Each structure stands twice: as C-alpha cells, then as structure tokens.
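Read the structure below first, then the notes.
Which chain is which? They are A, B and C, in the order written, and residues in each are numbered from 1.
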Amino acid sequence: MADQTTAVIVRSTPRASRGLWRDALRRLRRNGPAIFGLICIAIFILGAVLAPVIAQYDPTIGNLASGKQGPSLAHPMGTDLLGRDEFSRVLYGARISLTVGVVAVLVGLAFGTVIGAIAGGAGGKVDALLMRITDVLLAVPGILLAIGIVAWLGHGQIQIMLAVGISYAPIFARLLRGSLLALREAEFVVAARSIGTPGHRILVRHMLPNALTPLIVQATLALATAIIDVAGLGFLGLGPGDPRIAEWGEMLTDSARFLQSAPYLIFFPGAAIVISAVGFNLLGDGLRESLDPRLKR
Amino acid sequence: MLRYILRRVLGAIPVLFGLSVALFLFLRLLPGDPAEAILGQHATPELIKQIRETLGLDQPLYVQYLDYLGRLLHGDFGASIIDGRPVADSFLVRFPATIELTIGALIFAVGLGIPLGRLAARHPNGWIDGMVTVLSLFGISIPIFVLGYTLVFVFAVQLHWLPALGQIDPRLGVTPVTHFAIIDALLTGRVPAIVDSFAHLILPSIALGSIPLAIVTRITRASVIEVSNEDYVRTARAKGLTERRVNDRHIMRNAWLPVTTVIGLQVGGLLAGAVLTETVFTWNGVGSWVVTAIQNHDYIVVQSLILIFATIFLTVNLLVDIGYAFLNPRIRYG
Amino acid sequence: MVKQRAFALAFAAVLVAACSGSSATTVPASVAPASVAPSTAPASVAPSTAPASGQPVAGGTLVVGLDGDMVFADPSLTSDGNSLYVAAQVIQGLVGLKPGTISEVIPVLASALPVVSSDGKTYTFTLRTGVTFHDGSPFNAAAVKFNYDRWKAYPKGDLQDNAYYYGAVFGGFGADSNVVSVDAPNDTTVVFTFKAPQSNFLISQTLQVFGIQSPTALQKDKADTTPLKDNKYAQGQGESMVGTGPFTFKEWVPGDHVTLVKSASYWDTANAANVDQITLKPMGDSTAKLQALQSGGIDLAQTISPADAATATSSGLTVIDRGQSCNMGYLGLNQAFKPYDNKDVRLAIAYALNKQQYIDSFYAGQGKVPQSWMPPATSGFKAETIPTYDVQKAKDAVTKAGLSADQLKIDLYYPSNVVRPYMPDPKSLAQAIAGDLQAIGFTVNLKTEDWHGGYVSDATNGKLSMFLFGWTCDWAGADNFLYTAFFGYQNGKPNPQFGYKNDQMSQLMLQALQAPSADQANQLWGQVQDLIAPDMPTVPIVNSTPPGAYTSKVHGFVGAGNAIEYFNTVWIQP
C-alpha cells in the first residue's frame, strides 16, 4: 500500500528509469556533431583493439640508420628518430591513451562518488569536513599531486592512472554532492522521507539515479581531458616506465623539437590526441543536451 | 555580506596552512637535493653533505618547517637556496611579466569569445554554430606549446610580422623600471618602443588565451541559448520589444553571470598555461621561475611561490563569488 | 572544472617539459697546460685576428641566447658554464687559453708565462703594466695577492660551498690549501709558493673563476658578505664583476638578461671590442632558440639542439664549429654489480655499441668516437686501442663470459630532464644502446631518474649498475678526466661509481698530480691510460662538440670546444 503511493508520487517527476534514457537516445541519434564524435571515438577504439593486426612493424624496435624519414609507402606516417614506424606507434599508442584515460576517469568516479555521496547524503559536519579536504586537494595544483604519486610509487602505467584519477575525484565529489544537496529538497524526496522511507534507501533508489546524469556527462568530458592529461604527464617524463612503449603524449613531446625538421612526427600523434579529445567532447556535449529533461524536443 | 566575506577569509586560513605543510613535506620527500643542483656534475658525497649542513637541511623536518613558518609570519618569504636572492625581490621582478601575459590572454579570450559565443547562439546548431564549436574544441585540445611554436613559425620566422621572443627588443634600450614592458616603454615616451612592447604581447596572448577563448565562447553560447529560451524573454518578445532591446536588456544581462564566473575561474588555469607560454616565448615570468625552482629543488622559492599562487587563486574565487552575488539579486549570502 | 585539472597537470607538464632545455650545462673553461716554458704568444686573451672577411664595423648591440641564467656576479663563487660564459668577457686572469684552443696556455695579465722552480713549488709571474680595472683603480701585484688571499680566506659556510673550484684545485681553504703564500715583492712581480708541486696549476688558472677583480670594488661593496642573500656584489647589484676585460658589467635582471657594455679603457687597444653592447638572454627552450635566430630576435645562440643543426644551415644561419672537444660521454659500468665484474662482459658491451651511428643520429655528426678516456686535444692524451663496432666479436665475448639466462637480464639507467653537452638526448641514446645490447643477447630493462632528482648522487654513490654519464672538462688536462672525474680513489678506496680497483693505476695518478713539470706529468698520465684500456672499466661513447649558431649579421666570431668564447672580435653588419 505504502509502496504504491510512493510509486505514484515518484512517477510524476523526472526519474532515472527507462523513459529518460530512451528519449535521450532518440535525441542523440539526431545530433550531428555527437554522431561525428562517436565516429571519431569508434575509429580510435578500433585502431587500439586491432593494432596487432593492422600494424606492420614492432612499435618498439627500429633501425637507427633509417631514422627521421618522412611519410612514404613503406611508412605512411614516417619513422621517428630511432627508426621506428610512426603509424604502428600511433596505433599502439591508442591502446595506452584510451586505456589509461578510461581507467583514470573510472578511478576518479569511484573515489569521487563515494566521497560525494557521503558528503551529500550525510550533510552537516561530515559534509563540511569532506569539503574542506576537497578544497585543499583542489588548491594543490594537480601537477604536484601527479608528481607526488609517481615519485612515491615510481613510474608506470598504474601510477599514471591513479594520479590522473585522483586529481579528478574532487571534481566529481563536488558535482555529486551539489546534485544531492539540491535533490534533498526536491518534492519527491521530501515525500519519500515523509512517508518514512529509510535514508539510505532514499539515497540509493531515488536521489542517486537522478544525480548521476550530470556525472555521466562530466565523465565523458573528463575522458577528453584525461587523454590530454595523460599526454601531459608523458610530457613530464612521467609516462609509462619504458620509453620504448609508444604513448601519444611522450611521442608528441619528444618530437616537439623537430617542429621544423620533422613536423610529421608532431602532426600525427598531435592529430590523434586532438581528434579523440574532440570526439569525446562532442559526445559529451551531445549527451548533456539529450539528457537535459527540460528540453521538450 | 560582510559576515560571508569574513567567514570565507577565515576559512581560507586553515586551507593555506594545510597547503603549506603538505607542500613542505612533499618537496622534502622528493628524491634529490638543492646541493646537487648547486654542484652539478661536481657533486661528491662529501660536498653534498657539507652543503646540506650549511643550508640547514640536516635539521629535523619540524625544525626546518617552524623556521620557515616563523619567517613567513614576519613577512619574510625567504631567499633562494641556489643564488641567495630574496624571494620577494625576484617576485617583484618577474610577476609583472606574468600579469601582462594573463591580461593579454584574457583580453583576447573575452574580446573574441563573447562575440563569437553570441554569434553561435543566434542560430543554434546552424553551420556557424558548428564551425565555432569545432574551433573552440580545437582550442581546448591543442597543447599550448604546439600552438605557440606554430604561431612563432608562421608569424615570426616565415612572415617576419611579429617578434619571436621576449617582452621587448633589447636593442631598443628600454630601462627596466616596473618590469611591465608596456609601462616601461611608455615611460621612455618613444613610440617605436611602445609599439614594440605591444607587438611582443600579441602572439603569447593568443597562445595562452586559446583555451580560455574556447571556454568563454562555449559558455557564452550555452548561456545565451539557455536564457533565450526562458519565459521572460519570450514575454519580452511577445510584448513587441525590438530584438536589440531584448538582447541587451534581457538576454545579455542574465547571460553574463555564468560567463563572469567562468572567467574568474580561468585564472588558475591561466597560471598553469603561463608556465608553458613563458617557456615557449621566453618571457621572464613567475611561471618559468617556478619550473626552474622545482628543477633545482629550491624548496624555499617553490614553497613561497605556491603559497602566493594559492592565495591569489582563493582571493580571485572569493571576488568572483562576491561579484556573482552582486550581479544576481537572487543569491544572497548570510 | 575538469579543464582546470588539465591545466594543473599541464602546469606539471610544463615543469617537466621546461626541464629538458634549461638544465645548466656546465661547460667549464678548459685549460691548456702545454709546456711551462715561457711563450711569446700574443698578449691578449681575446683573439687578435678576426678570421672573417671584411673590416670590422663599430657599434651595435649583440643579442646572445645563453643556455641558462648566471648564478652569481662574483666569478670566484661560480662553477656553472653560464656564469663563466659571461665572466669571460669581463674578467681576466694571469693566464688564459689561446682562443679557439682548449689546452694552449698563454699569458694574459701576466706578461709572460711564469718561471717555475726546479722542485715545482714556486711560480714567479711578471705582470703586465698599464692595466686598469673598470673602476679606474690600477692593476698590480697587490691586486693579484688580494684576490688569491681573499679566496683562501673564505670562511666555512656558503662562501666555501660555492667557491668549488678553489677547493677542488688547491685541496681546501685556509691552512688546507696547497698555496702556502702569494707574495707581491713589487708592483709587477707575484710569487706563488706551494706545499707540494701541482702539475695542473697553470692550466687550472685559465678558468674564469680565478680572474682578478678590483680590490677597491670588492672592499667597497663588501663582496665577502655572508650569507649570500645579503651580498650585493654577488647579487649583481651596484658595482659588480669589476675586472680588466674588453667589456664591463652593466646590468643583470635575474632570469631576463645580462647587459655588458664596451669598456672604453681596455688595455689591449688593438683588440678592443667592436660592438657597443652585448645583451645575453637565458633561453631554456631549444625550439624557441632556433626560431629566435631565424626571426632575428637574437643574433647568436650559445648552443642549439643537434636536431636543429641541419635546419639552421638551410635557414641561412651559420652553425658554430667548436673544433676541439672538451667532454666525454660514456656508458658507466659498476663492478660492484654482476656481471660487470667480468672483463669479457665489459668488452662485449664495448664491441656491441654502434657509436658512430649514435653520433650521426643524436649529435648531428658533431662528435667523434673516443680514442681514450679523454678527448684528443687534452693535455696528456694518449691514443689507446678501443673496441670498434663489431657484433660478432661482441657475441663471442658474451659466449666466452658464460652468463646464465638470469645474468643476461640487465638494467640500463639514463637521466631524464637534462641536456648535457656530451648527451643532448639521453632517452634516445639509452634506447639505441638497449637495442644494440639486445642484438647480442641481453634483455635490457630501461630505468630512469631525474638528473637533479637523485641520478647524479645515485651514480656517484655507486647505486647504479649500468648508466649513461659523462664529463665536461673543468680544464683540458688528463688529471681532470682520469683523476677528478673517473678513477681517482676516494678515501683510499676505488671510486664507488665504478668499483674499479687498480692500485698500480692509483699510485701512478698520485705521482702524476705532484710531478714537478707538465711534461713529466703527461708521461705518467700516458702510462695510466695504458693500464686502463685493457680493463675497459667504462665504455667511452663520444667526444662531442655541441653546436651553436649565429645569423648572417654576425662576423668575427671564434668558437671554442670548451665554449668559453670571446666577443671582442665580433662585429655586426646587416
């Protein structure tokens, strides 16, 4: 009986059930830029997955004597300073960039949602304390965070994922907390509370699903910057431990000095980074627009 | 309002304190030593030990920290470990360059971003909008140093239209007084020097401002679109007001709010971007200074600089929030 | 907000990125000991014949891109290449190097090379007359004595810490210094008395660090103030770096530029400066330097990246030929770690490296494969037989060593975020070496540490098993390479960096250091190299000559392998 009443009240307000998502998908399909973004992403995921099949050369081994050669039939993207095939390196680099980007965002989401949910759900002193800590983390430039984690744990892919992920956590935490705090006063939550639904149930069943959508949008956009951030860390020399492994950021920054003598070495990894970042951005924007319940289209 | 400000300022103190402790510990725990930086290839275990003694680095950590804190509270920001120069003096020499860069970048970003955003919002999802969106995405995604190098290559090396480095041409003999190149040039009253100082600001402003430009454009566009769909705008239109009146009075005034918030928040990002820009364009600002200091393990300089940055960042945040409350009558803080 | 994170990380990125160009390249002056017999070489340290075509034109400002900023305006407190590069234009010592060479000593403020006693413990210099300091005070024997006494008397603390070279050359300060006394019996005679003979004395004094500064200025500006943060002279405020050279020190805006102005009262009027002013700007980024040259923003860059050498030439710039190398890059092997205690393994590695290819790929061909453990123009150099690239011989040596599969897995350390004259691209060099070692059967695990973040101290403390390293000479003497840098025993034990025990070699080195004449010393140094070569304790890879560049406006510039170069011969003509 009580459940029925709850159900009635809940249904008359936005909910994270099938209705919203089906609408969103429909709107997304009509959004040109978002589709373009999706295609860009798909190309790179394909490239990353099929790298061992498509690449003709080992990305870590090259002939020094044939270094810094321009694009040719044998090497469509040229060779780098050490004579390695650039095309193979871009393909294998996609694996790293996308993997590390995705895992980093997931790490950030994991930490962020836990902290944000506790802060937003509990409120009061717990919230204040957690937000103070987040403030300090936000005031520390992410670079120190990244250097710190790598200095502490050493170079390597896992450390990079942790470093980037943890630097995103405060942002996700704040976002979720903000949404939750706003939702606390929403009609359907007040109603659920007034009929005696236990706190954690309200949180999990009613508040979180609604609060998650902005997080999802932000996460997609974060993927875009994660790719750039990972590249930036590669720039820092905090890339994967072994420099022979192809990683876009390191490739880009190693070649920065070849701007005039071998611009193709900057162009191809640079284009890869930009296109994948643009792809995720477009998709994220599209998601944000299509998930916006206020749009009547 | 006053209580709110007071609360924020008081709240900032523990943040800064915590930051200083965290920074201190972190820097000391990193491998490497200013002694190594001083000696370079001449480092031997004996000499390193000797220098560490002179610098007081062999004291227990808490002693070193209290020492630093004590001096800080007296307004003494310490001196560089490497060349002994007081941090405050070097800061006054270098900060103006970063400010010039930042202002230049902001003028570029806002001056171009708001009109572009409004243009894109006029016909949402039209082809102008599409182009502006893609352009701004590229602005966000292209690394600053790549953009910087390319700008220099095209405009300085190939076309010889603009200079490649520095704040001003040393051959013009402008005496550094304030270390703001434009002001120093104005002080000489010589037109070629003044023109030269502006010319040196153009490319770096574009490079540094590329990301804020993209963001301001997108926020303006989003904000204008959102406000245009509001009921009161529709009412205004229904009332028969000219489009221009609707624009200026109703749309832009409300659209400004998120834009100003974002601009204020860009300051932190601009500082980070300034580091790259100063390196590419060889500007003697605090960005490149922090880089060198970190490389050299110049603890005192890094600690003091980052505390100064954090203070600036928090102050700007506070000003932005106050400004926001000012502009938006619906938000008032107790 | 997420973008904010990106900037913060970009911030970090920049920190590291910027590292790659701006590490101080210590390119110390090289000193040529040559023979101690008095030479009749021309007086001025500044080159007397401008080799370029045309007549010098007076006037103009020369803008130079320095590798990094100066550290102190008092040369006696510096040991970095940038400070010395600037000081070379302003300060002069008793002796110097013949321009364009790294080991030929010529008298500068002395009128001739000194008279040395037969036991090698007394050096008598006759000074040049008619020389004044930039502040007008007279240069004389008392001034020389003042300077040497001042350095010897540096108290413990930051003054001694920063006066590295005095301590390194003379063994310490005060009573520990090998200099018993410096006497000025009359205005033009200076007599040095030593506890023990020192064969590297003369060549070490060509270092800019031992330049003579005006006692009047030193006293007036309290140049001995400690701590250094209160020392205005060393900070370049007020009157600083007051010497006798063709340029005077005018202004230093830290991090931005140093300005030198032509000296109107230079004593060697035939070699006075042509340009009116030099502005030196520290520039850490190699691409920025190249583009600044191409656009005319700077006239000359102290060094450019080897990667840009070809582009520079095709843009119409002149690449500076530095002639005689004064450095050595090598692969260090630490015999405290297996399998490097096995001589066959060390030889195998020596055969496996394709050094000439590295030089072509990473040094733009600006370097030579070493023939010993120091560059050929070094005083005391002796050519030895060093294994050349031969994969088959390498494999044979590996087989002979009989290593287990486990022992074939080795670590190779390289430094990150640093550019050294002998190693402009450590990361690429390490990968190339790893490739060559893998070709003979090793599995190489690449490891890195930040150069300033522990690499140097870990290497010198003997914590690294196989590592890339090098040495830029302080002066072009065998002692500086073999003893100071490489294999001198420390506290009676082999240098932990290499763990190379050879007592006979050690004794010979100590004898050479105290030989009464340079010739006797060089004989002994030759024997030392004969002992080292068959043991192959480290694998020499390159003697490089880092390129610089200048625009077509610049004439009369003479490059030197130790990168101590003089601008008084330069003129500007568009």
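Going forward, a residue touches a chain if its C-beta (ideal position, glycine included) is under 8 Å from a C-beta of that chain, and two chains touch if they have at least 3 such contacts.
Quick caveat: nothing in here was measured; it's all calculated off a predicted structure.
Chemist: Compared with chain A, which chain's mean CA position is the farthest off?
Modeler: C
Chemist: Of all the chains, which has the CA centre nearest the overall CA centre?
Modeler: B
Chemist: So what's the Cα centroid distance for chain B and chain C, whole Å?
Modeler: 38
Chemist: Measuring from the mean C-alpha position of chain A to the mean C-alpha position of chain C, what distance in angstrom results?
Modeler: 48
Chemist: Just give me the whole-number Å value for how far the CA centre of chain A lies from that of chain B.
Modeler: Taking the mean C-alpha position of each chain, the two centres sit 25 Å apart.
Chemist: Where in chain A do residues touch two or more of the other chains?
Modeler: Chain A, residues with two or more chain partners: 141, 143-144, 147, 151, 228, 232, 235, 256, 259-260.
Chemist: Among the residues of chain C, which are close enough to touch at least two other chains?
Modeler: Answer for chain C, listing residues that touch two or more other chains: 1, 3-4, 6, 8, 10-11, 13-15, 17, 19, 287, 417, 450, 453.
Chemist: Could you pull out the residues of chain B that touch at least 2 other chains?
Modeler: 30-31, 140, 143, 145, 149, 153, 272
Chemist: Considering the complex alone, what residue numbers of chain C touch chain A?
Modeler: Checking each residue of chain C against chain A gives 1-6, 8-17, 19, 286-287, 290, 305, 307-308, 310-311, 354, 357-358, 361-362, 416-417, 425, 427-428, 430-432, 434-435, 445-448, 450, 453.
Chemist: Which residues, counting only chain A, touch chain C once they are in their complex?
Modeler: Listed in rising order, the residues are 61-62, 64-65, 67, 81-82, 141-147, 151, 155, 164, 167-168, 171, 174-175, 218, 221-222, 225, 228-229, 232-233, 235-238, 241-244, 253-254, 256-261.
Chemist: Mind listing the chain B positions that touch chain C in their complex?
Modeler: Chain B reaches chain C through residues 30-33, 36-45, 47-48, 50-51, 54, 79-80, 82-86, 90, 93-94, 140, 143-145, 149, 152-153, 156-157, 160, 163-166, 169-171, 173, 176, 179, 211, 215, 265, 268-273, 275-276, 279-282, 284, 287-292, 294-297.
Chemist: In their complex, what parts of chain A are in touch with chain B?
Modeler: Within the complex, chain A contacts chain B at residues 32-33, 132, 135-136, 139-141, 143-144, 147-148, 151-152, 224, 228, 231-232, 235, 252, 256, 259-260, 266, 270, 273-274, 277-278, 281-282, 285.
Chemist: Provide the residue numbers of chain C that touch chain B in the complex, in ascending order.
Modeler: These residues of chain C touch chain B: 1, 3-4, 6-8, 10-11, 13-15, 17-19, 21-24, 26, 61, 63, 69, 71-72, 79-80, 156-158, 160-162, 164, 168, 227-231, 234-235, 253-257, 259, 279, 281, 283-285, 287-288, 291-292, 294-298, 315, 417, 449-450, 452-454, 456-457, 460-461, 471-472, 490.
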